[in-house]
Structures are given as structure tokens and as C-alpha cells.
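Written out below as C-alpha cells is the structure these notes cover.
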Amino acid sequence: MSLNSIFQYFIPKDKKFFPLFEKDSANLISLGEKLVEALNTEDLTRRKELFKDIEDLEHTGDEITHQIHLELSKNFITPFDREDIHRLASALDDIADYIHGSASRIDLYQVTEITPPIKELASLILQACQDLNKAIHELRDLKNVRIIADSCVRINSIENQADYVFDKAVSELFMYEKDAVKLIKYKEILSALEDATDMCEDAANVLESILVKNA
Amino acid sequence: MSLNSIFQYFIPKDKKFFPLFEKDSANLISLGEKLVEALNTEDLTRRKELFKDIEDLEHTGDEITHQIHLELSKNFITPFDREDIHRLASALDDIADYIHGSASRIDLYQVTEITPPIKELASLILQACQDLNKAIHELRDLKNVRIIADSCVRINSIENQADYVFDKAVSELFMYEKDAVKLIKYKEILSALEDATDMCEDAANVLESILVKNA
Amino acid sequence: MSLNSIFQYFIPKDKKFFPLFEKDSANLISLGEKLVEALNTEDLTRRKELFKDIEDLEHTGDEITHQIHLELSKNFITPFDREDIHRLASALDDIADYIHGSASRIDLYQVTEITPPIKELASLILQACQDLNKAIHELRDLKNVRIIADSCVRINSIENQADYVFDKAVSELFMYEKDAVKLIKYKEILSALEDATDMCEDAANVLESILVKNA
């Protein structure tokens, strides 16, 4: 039992960290939605606009991360272990960075043909962000521990699917793509998308450890 | 002196963490042995079977890691610092992941010609896993601190050798491999193998810090 | 307020960690200077000598990191949080590794034509190291908190510039470099240089968190 779990019976409900984490994970859903929309439209002007939205949402995420770190420095007592707050904030920040990084590579490398595995990975990222948001909303009172645990299991399974999609796509590039420069471009984009699902799994791991310690 | 080192005189000998770490590092030796065997046989059917064994052993490793995290959440008093237990478990898990990742890339990219530097790196990984296992067995009573220290020194030297093998192999690819797609394939495989030795060094660093704090 | 900040009024001024961090960050400036000089000379023999100097300075950095870890293990009371000392030492060590890694790739891949973005990135790394050194010198008494904060803001901006230089250079490689092997070589070198500025940002983040906790 941690010091925090002893203290939490005496202190008023946290009004600082939970709202920030909820805001942060809602922002990730928006990022995931914009990414899926951008990669499924054929309209290149619209795609460009959506990439700009993703850039703005990534900045919003940066500000929320900064606020969480600020609250962490100002508050001695936190609703769960300090290192878990720090790890969760960093994990959510990394997800936003990788979603943004994937979009900006596609834009910068002037890749206009969006292949099926790229779309699949984007859809998996969005699903994982939705599950993260659902789990984070249950952190407040930990009454529905089952919902958090189920979300984490699903995120782990999503990451496994993403691994499979990535590995299959890269091995197909090696088999069929004779233009090495194009191969590298696509490999880089697939890799950034797959990394985003790894970051979702990292966040789920933090949630699981919070669960076991506090529930 | 850490709180744990004060406490350890009053608590019964740990029966939870040491057996799990010993099991985990023995599992890494098996992974290393299967890898070396797979990359030294010319029989492609046998190699495929060994890759399957590696996949199974990686799952075994995942379960052990999970058990260590579970014990960490349940126990307030631990045989050495909580963050070092966490770091050691994660480092061992990463080694298993990279061994498995190397094998699965070779399989997936349909690389059948195993070059000398690939075999050398696999052999270095196995040596590092054997040294880790030896050091971890000495953690229980810390009577033979010298054995742990020597293993860590050897692992650091193994990692340096792996760096050298990797750098040399990649620069030779750049010089002699005119097929860029093939070059990328081999570079990816060499890189996964070299990363595995980096992870062994990370684990050795954790062991060294446990040593200095508790011996 | 951390335990350390309570203790620090009762303990003599730290004479161990501050001198080591100052030495470590001064060593990073030397590494940055050698890198800039190596990449701006046309004299290949002189460049080779400078690469050798970089290797030696990287070893010096390793020794300083080792000493910091040793002091950390021996001292129960530290001038700021133990985990921040550990994180700062690791971040500075990573910077040295990436500067050395960039130089050694250029050497090993026999890349003799140093392009403008490579020079720009080297110059950005040097600037970030100078700012880190300036900030670390102010850690001792925390009287000029503004100087630390300003350095951190500049390092963040330097990292953003490096991102931009890297992304632009890679997308230009994709557009104009038809030799895939050459493209991969340059991408690897640019990537190692850009990673070095990421590591500078990590170090700045640690400094910022020390600031908020202790100032």
C-alpha cells in the first residue's frame, strides 16, 4: 500500500489531475479521428487541412502535458503515485507526437497514395485512443475497475494486430516494391504509425499498474 | 543506505522475486541458444521450428515479467529497491523481445542466407544472457559480489564487440551491396540483433546499481 | 516540497554533484566544438583527427557519468531529487553518445561530402550544449532562476529548428537522391544528429523539473 492510498481517505477528491487526463485523452480521440479522416479522403486539399488540424491538436496536447507537469510540481499529495502520473502524462504525450509525426511524414514525403495497411493502422490507433479515454474516465472513483481492465486488454490486442499489419506490410514491400526509395518512404510511415500503437500500449501498462496498486 | 537495506535484516529471505528473476534469465539463455542454433543450421525446416520455439519462449518471458510486476504491486517490502526490480524486469523483457524480433524479421523478410556478422551477433547475445543468469543467481545472498561485478564487466565488453561487428557489417553493406532493398533488409536484421546486446547492457547496469547500493 | 528541499538547509553545500555536472556539460561543449570543426574543414586528415578527439571526449564523458552514479550510490542526501540526478546524468551521457555516434557514422560510411543540413544540425547541437552548460552552472545556488529558464526555452527552440532542418533534408533526399544506398547513408547521419538535439531537450526538461521543485 502506497503513502498515497493511505492519504486518499483524508484528502478532498482530486480536482486537478483527473480533468487534465480526461482532456488529454479526449484530445487523442480527436487526433485519431482527424488522422483516419485524412487518410480516407481522396481530396488532397481536404487532407492538407486535416493535417493542419492534427498539428494544432498536437500543440493542444503539449499544453495539457505541460499543465500536468506543473500540477505535479506544485502538489505534494496526488491521487495516485507521482511516478505513475508522470509516466501516464508522458505516454499520452508520446501518442500525440507519433500521430502527428505519421501525418507530417506523409505530407512531407509527398506520399499521396494511401495503401490499405496505412488506413488499417490509423483505424487501430483511433480504437486504442477511444479505449484509453474510456479507461481514464473510470480512474476517478475506481468503482468500475472491470471497465479499465477490459480497455487495457483490448489495447494490448490492438497493438498485436498493429504489429501483424506492420510486419505483413513491410515484408510485402520487400517482396513487391522494386523502387527502393519508395520502399523506404512507406516503411518510415508504417513504422511511425505502428510506434503510435506501441505508445498506446505503454499508456495501458501504466493504467494497469495504477489499478493493481489502488483498487 | 536505502530503506530496504535497513529493513532487510528484519524480514524473512525473499521467496518471490529471486526465483522469478532466475527463471527469467534462464529463459533468456534458452532464447539465445535457440537463436544460435537457428542461425547455424542450413536446414530451413529446422530453422522454422526453432523460430517457433523462440516465439513460445518469448511468451513464457512475458508471463514471468507479468508475475514480477504483480508481486511488486502486492508487496510493500522488496529485497532491493522497487525501481530496480521494475528496471531489471523490464530490461530482461526487452532482451527477449529483441531476440524474438530479430528471429521474426529473418523469417518474415525471407532472408535465408545468414551472413557471418549475423551469426557473430547471435553468439554474443547468448554469451551476454549466460553472464546475466550467472550474476542474477548471485543476487540472493550477495556473498560473491565479485562474480556479479565480473559478469557485468564482460557484458559491457560483449556489447562493445557487438557495436563493432554491427558498424563493420553495415559499412560493408554500404560498400558492396548494390541491391538497396537487400541492403535495407540486412541492416534491419543486424540492427535488431545489436539492440538485443544493448538491452543486455541495460540489465547489467541495473545489476551494478543494485550491487553498489546493497553490498 | 521534497524531503531533499527540507534537508538542504541543514547540510553543507554539495561539493560532489555540482562540479561533476559542470565538468560533464563543459565536456559536451568540447564535443560540439570538435564536431562543428570536423564538419566544416575540407582537410580530410584533420577531420579524421577531430573524429578521434570526439571518441576520446566521449570516453571522458563516460567516466564522469560513472562518477555521478557512484556518488549517487554512496550519498543518502543529494542536492536535488535522486531520480533527477540520475535522469540528468543519463541525458548528458546520451548527448555525448549521439554526437560520437554521428561522427563515427560519417567516418565509417566514408561520407566525405558534408551537406549544408548536416553542418546546420552540428551547429544547433553546439548551441544547445552551450545553453545546457550555462543552465547547469546556475543550479548551484538557484539565485538566477531566469537564466536556467531562458536556456531551457532556447534549447526547446533549437530542437524545433533541428526537427525542421531534418524533415526538410530527408524530404529533399526523397525528391532528388536517386541512389538509394546514398540516400540511406545520409538519412542515417541526419537522424543521429537530430537525435542528439532530442537528447539536449530531454536534459532541458530535467532542468525545468528541478527548477520548479526547488526554486
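Each chain carries a letter (A, B and C) given by its place in the written order, and its residues are counted from 1.
Here is the rule we go by: a contact is a pair of C-beta atoms (placed from the backbone, for glycine too) under 8 Å apart; a residue touches a chain by one contact, two chains touch by 3 or more.
All of these numbers come straight from a predicted model, not from anything done at the bench.
Annotation: the subunit A:subunit C pair of sequence copies touches via predominantly different residues, less than half of the used numbers being shared. For the pair subunit A and subunit B, the CA-based superposition corresponds to a rotation of 120 degrees in steps of 5. Computed from the mean C-alpha positions, the centre of subunit A lies at a distance of 28 Å from the centre of subunit C. Along subunit C, residues 180, 184 each make contact with two or more other chains. Across the complex, subunit B is touched by residues 1, 167, 170-171, 174-175, 177-178, 180, 183-184, 187, 209, 212-213 of subunit A.
Across the complex, subunit C is touched by residues 69-70, 73-74, 76, 104, 108-110, 180-181, 184-185 of subunit A.
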